[in-house]
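We just call them A, B, C, D, E and F in the order they show up, numbering each chain from 1.
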Amino acid sequence: MSGTELGVVHTRIERADPNAVRDLSAFGVATIHEAMGRVGLMRPYLRPVYQGAKLCGPAVTVLLQPGDNWMLHVAAEQVQEGDVLVAGCTTESEDGFFGELLATSLRSRGCAGLVIDGGVRDVADLEKMDFPVFSRAINAKGTIKATLGSVNIPVVCANALVHPGDVIVADVDGVVVVPAASAPAVAAEAAKREANEEGKRAKFRSGTLGLDLYDMREPLARLGLRYED
Amino acid sequence: MSGTELGVVHTRIERADPNAVRDLSAFGVATIHEAMGRVGLMRPYLRPVYQGAKLCGPAVTVLLQPGDNWMLHVAAEQVQEGDVLVAGCTTESEDGFFGELLATSLRSRGCAGLVIDGGVRDVADLEKMDFPVFSRAINAKGTIKATLGSVNIPVVCANALVHPGDVIVADVDGVVVVPAASAPAVAAEAAKREANEEGKRAKFRSGTLGLDLYDMREPLARLGLRYED
Amino acid sequence: MSGTELGVVHTRIERADPNAVRDLSAFGVATIHEAMGRVGLMRPYLRPVYQGAKLCGPAVTVLLQPGDNWMLHVAAEQVQEGDVLVAGCTTESEDGFFGELLATSLRSRGCAGLVIDGGVRDVADLEKMDFPVFSRAINAKGTIKATLGSVNIPVVCANALVHPGDVIVADVDGVVVVPAASAPAVAAEAAKREANEEGKRAKFRSGTLGLDLYDMREPLARLGLRYED
Amino acid sequence: MSGTELGVVHTRIERADPNAVRDLSAFGVATIHEAMGRVGLMRPYLRPVYQGAKLCGPAVTVLLQPGDNWMLHVAAEQVQEGDVLVAGCTTESEDGFFGELLATSLRSRGCAGLVIDGGVRDVADLEKMDFPVFSRAINAKGTIKATLGSVNIPVVCANALVHPGDVIVADVDGVVVVPAASAPAVAAEAAKREANEEGKRAKFRSGTLGLDLYDMREPLARLGLRYED
Amino acid sequence: MSGTELGVVHTRIERADPNAVRDLSAFGVATIHEAMGRVGLMRPYLRPVYQGAKLCGPAVTVLLQPGDNWMLHVAAEQVQEGDVLVAGCTTESEDGFFGELLATSLRSRGCAGLVIDGGVRDVADLEKMDFPVFSRAINAKGTIKATLGSVNIPVVCANALVHPGDVIVADVDGVVVVPAASAPAVAAEAAKREANEEGKRAKFRSGTLGLDLYDMREPLARLGLRYED
Amino acid sequence: MSGTELGVVHTRIERADPNAVRDLSAFGVATIHEAMGRVGLMRPYLRPVYQGAKLCGPAVTVLLQPGDNWMLHVAAEQVQEGDVLVAGCTTESEDGFFGELLATSLRSRGCAGLVIDGGVRDVADLEKMDFPVFSRAINAKGTIKATLGSVNIPVVCANALVHPGDVIVADVDGVVVVPAASAPAVAAEAAKREANEEGKRAKFRSGTLGLDLYDMREPLARLGLRYED
């Protein structure tokens, strides 16, 4: 690839293994982000538009032009059962690219939800439908349909690179991108972490300190930490 | 009008037709904004201070000075049953201009709610009272009473011009201003849009794509959109 | 004190009188801030991470380094039943310094909650535990353990100075710091204000205007406010 | 006026008296804002795009759509010698609506400069041409020409209402709007203020304190200010 | 590539054709961005740290951890004459990752400048050295050296994807990324645009309006634009 | 101290040793911040209002109320030759608290400059006078004189605690606070650092890499950094 191409729709994408997607859906974003070695997180300005929104699925990507949602309609045709639509934008734009009608259309195709580096509207309806959306703004201002973007090219969304087919996991803690090829390994690592955390949790609950659980006293002392009355 | 006048209270204003207000109250902000031709929207930094807040009513306007809520008390006397108080400020100020006592006073006069380009406090009480407020900040810092502003002059609030008597509609999607004279026409247009959307919604639900519903394939192809495997 | 000292843990602090803490816990932040003469408020960018979060207790303070939560573990050992952990940072950093495991550890020690000038994660778990946290961001990005800060030194958090033992009160309106020595007097003053407000509230409810209740008409007229039809 | 109208160009506007414009051009924005009684100031996020930029002239107004500069070309035809182009936008948009070619066009018509609630580009060229621009952003991203706005209607720009023909004064301190009808009186008042300030300046220079020059000691003492060793 | 890899340094990268780099250096960022079809622009929060800073060269990329500049030292070894160092960060961090000593080191290797999605310091020295830097903040706060990132992997910087060897062009209008393979074509297209603009410029200078030069009157009329006295 | 006291002016303060102030004035903010162990830095949103502004001197502190500059006049009387006025505010307020007249007054008393967590105006005049100011905003909006703050109490300014008499050093890199008692030691440490840096600078200039100068290769390898062709 030699740069971002406008005006193209890729109709065939490699989605992550459905078993890995299912496995990843059991974990929170913070756990998955740790399991990935702390990469792949979108910027935290993306927020759920209603309380309790969460999603997990392979990405269909779209690159939007500012104040123009034409490509969302083009992308809708590429969405399959369980997909998450991920929309980047060529510039900062907080207009309402997306609302209840498009959500209805996407839902009818089995879409799992939307992540968009822009604004959305009809938020009360989205909550009633329980159609999860993570966006940078809520904005009643509608958009036009005038300029081409692209569908299913690699897009940067909220500073994270997303390839079509990558797994997107989003909850109240944020949005993380798991590359399709890494999805099974990340799910396995996340499971290992959770198992490991369960043991720690029990110890914390019983009053053990992190200082002791993680053997921190010695390295802290070595760096010169001192206690005073 | 030759500019903003300070130190004046207009006691007689032309409120929008109550029937139009009632009609408008049936629609969401996004629909009304579309029905107006996409003008009149306040900037999206105004947010409801509690979940589910919404309001619709004619505006009593007030121009505040920063960190000074004196004019809100002056404005309270001008409020009639169903009015929405709309407060602009001569500069950016996020202090808590408004709280539960003023809400109690306004409620006793039948006030429908507040839209303020500033901060408010006592938010838990406002929610308990279900007194809807849309503000740019939540802030416990109180204000003083030292400087004159004005009541029922045209004010700019969150970048939108509001004349006294204009209809203010606010919900989770934002805040829109409907000029009093346009209220009936906007309500009619909003009803038409909703009826029209119902048909579209049914089609989207049954799987029709926006590409087909809106006949987008041909113009997209003409602009050069191409599909690749 | 001749400046901020790094690498030290003060193990003995003077906590505010527990009776004063209990008394303060009956009031909202806005009331307490008024009772203090309108000082001691943290900047309003600190927000509760879930709806209904509130806390009141003496501060154990910690100074963090950016993206480094080591000192939170050190601080945990200094926390006693009812304490609030207050974390400042040497620079702006919105990473997720704190999550469910640390909350479990703090809860096991009776900690009343956390106020942090940084980010936190595992917010759904924090809500389930009802462990109140006030932060500047929600962020899945974890932190490292590499650099010394300090515990129980005076820290600046969200532009407010906090001494260990000061009472921290936080609710949806914000976060306020009551110096330990002033806690009883502030609680008494807050009670007086609330009693006073009850009388005003009744008058507002019955339709009395602030203009009359506070005798504002004369000073407003003196400044030149005029009424026009 | 019953709201903002899209798709219209008013070709005849009442410009402020040229003598008043000339008189106003002698004063800084802070002085003029004071002379107006502290109203009419745009929000301070508008900044000069190069050092030393300043302008003064009657407004030709334009309402833009986000990411669309078509109406700037329409507005150019309405500009006369000495006019300032003032551009509001129906939503927040920081794309580069304006650059060197449009500046060349406007300059050829005698345009005094641009104030825009959006982004601009070719800033190095604008500086070389000494074509003063005040904007909310600098951004290389260009715009499209797809949607109608309006020219010479009242527009809100950076939260200030501007009528065509009003005088716009801008310098490093910000941008202020002087209603056309008030321009002579404001210029006179500004001159009076400057004369008055010259006397104060001399006293300050010789060491007189504001405390004494403005007789502040007594009111401060009355409010309870006390001095301690 | 299946995601971002940490802890790796790629020592061999394909730099863009030096002739194309030289050709591109003749154009401004706005022109190049147009020549690329309006993609590849970094977010406009990146700003030059001193007036007149500009740069053009192939990218050596580095992925930093927040508040940690260790990888900049690792990257320095990979820099060749004329290269631009481009630094992304795994999270938002505005500390001072870079100052005069590192600039001296990079300069000794012929480095053309730095683009960093973070903060820098010693700005007065950078200006004296005329070492161009584009950053999101100026901040005296130094960083630590504790955690691995990577060098010469694809990085996202200010929301733009950069591959090692891509050409980075930056000036007062912003920062644009030209994929290495496209550099010659983009340079050619930029030259064509500039030639084309020269003709337009002459016409604008002589008073021709964009309305006529671009034949806009007819499409505007078709959309319904109307002129009123 | 049991909290922030309003309505008091302390007329006697302990200024830092003048020799230490003079010594500190030879160093940049970044160097001094390092010499202090990386504490005491104000938040980087404080910026010089003109290019080249810098200052160094003992602090006279003032706590302002929002939109109210009365206490600056009170503070002026407490300023001695070489002092820096440092102004915090009880809340966020970006109005123009300070302009050319107050600068003239302060200059006549030998004041070295102003650091203010608020806005200022008359910036062109301040530059002409070369009266250095570091502020969070430039804003033509003036302030009132209605409410008491305090002078020469400890204030928090841009998240840093300042005691009267502390040394304030500010330049393009930011603003740092050196506690009075530490000033001589910090100046000595800064000198040591600069001497040390001179040696490093020479090595960097001759092409030595930080990797070798700081012996980083081994710890990087130990953490697992690997090089690939």
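Keep this in mind: contacts are C-beta pairs under 8 Å (C-beta built on N, C-alpha and C of every residue); 3 or more make two chains touch, one makes a residue touch a chain.
Fair warning: this is a prediction, and the values are worked out from it, not measured in the lab.
Colleague: Going by more than half of the contact pairs matching by residue number, which of A-D, C-E or D-F reproduces the interface of A-B?
Modeller: When the residue numbers line up for over half the pairs, the pair is D-F.
Colleague: More contacting C-beta pairs: A-E or A-D?
Modeller: A-E
Colleague: At what distance in angstrom does the C-alpha mean of chain F lie from that of chain E?
Modeller: 32
Colleague: Can you work out the whole-Å distance between the CA centroids of chain B and chain D?
Modeller: That gives a centre separation of 27 Å.
Colleague: With chain centres taken as the means of their Cα atoms, state the distance from chain B to chain F in Å.
Modeller: The mean C-alpha positions of chain B and chain F differ by 42 Å.
Colleague: Identify all positions of chain A at which a residue touches two or more other chains, and write them in rising order.
Modeller: In chain A, the residues touching two or more other chains are 38, 41, 44, 51, 90-92, 94, 139, 141.
Colleague: Take each protein chain as a node, join two nodes whenever their chains touch, and name the resulting shape: line, ring, star, complete or other.
Modeller: other
Colleague: Per the touch rule above, enumerate the chain pairs that touch, sorted by label.
Modeller: Between chains, contact exists in these pairs: A-B, A-C, A-D, A-E, B-C, B-D, B-F, C-E, C-F, D-E, D-F, E-F.
Colleague: Looking at the complex, which residues from chain D come into contact with chain E?
Modeller: Residue list for chain D touching chain E: 7-12, 51, 70, 73-74, 76-77, 94, 96, 99-102, 104-105, 107-109, 119, 121-125, 137-142, 145, 148.
Colleague: Could you please specify the touching residues of chain A with respect to chain C in the complex?
Modeller: Answer in residue numbers: 28-30, 33-34, 38, 41, 44, 47, 51, 171-174, 176, 197, 200-201, 204-211, 214, 216, 220, 223-229.
Colleague: Provide the residue numbers of chain B that touch chain F in the complex, in ascending order.
Modeller: On the chain B side, the touching residues are 65-68, 90-95, 139, 141, 144, 146-147.
Colleague: So in the complex, the part of chain A that touches chain E is made up of which residues?
Modeller: Residues of chain A touching chain E: 1-4, 6, 36-41, 43-44, 90-92, 154, 156, 158-161, 177-182.
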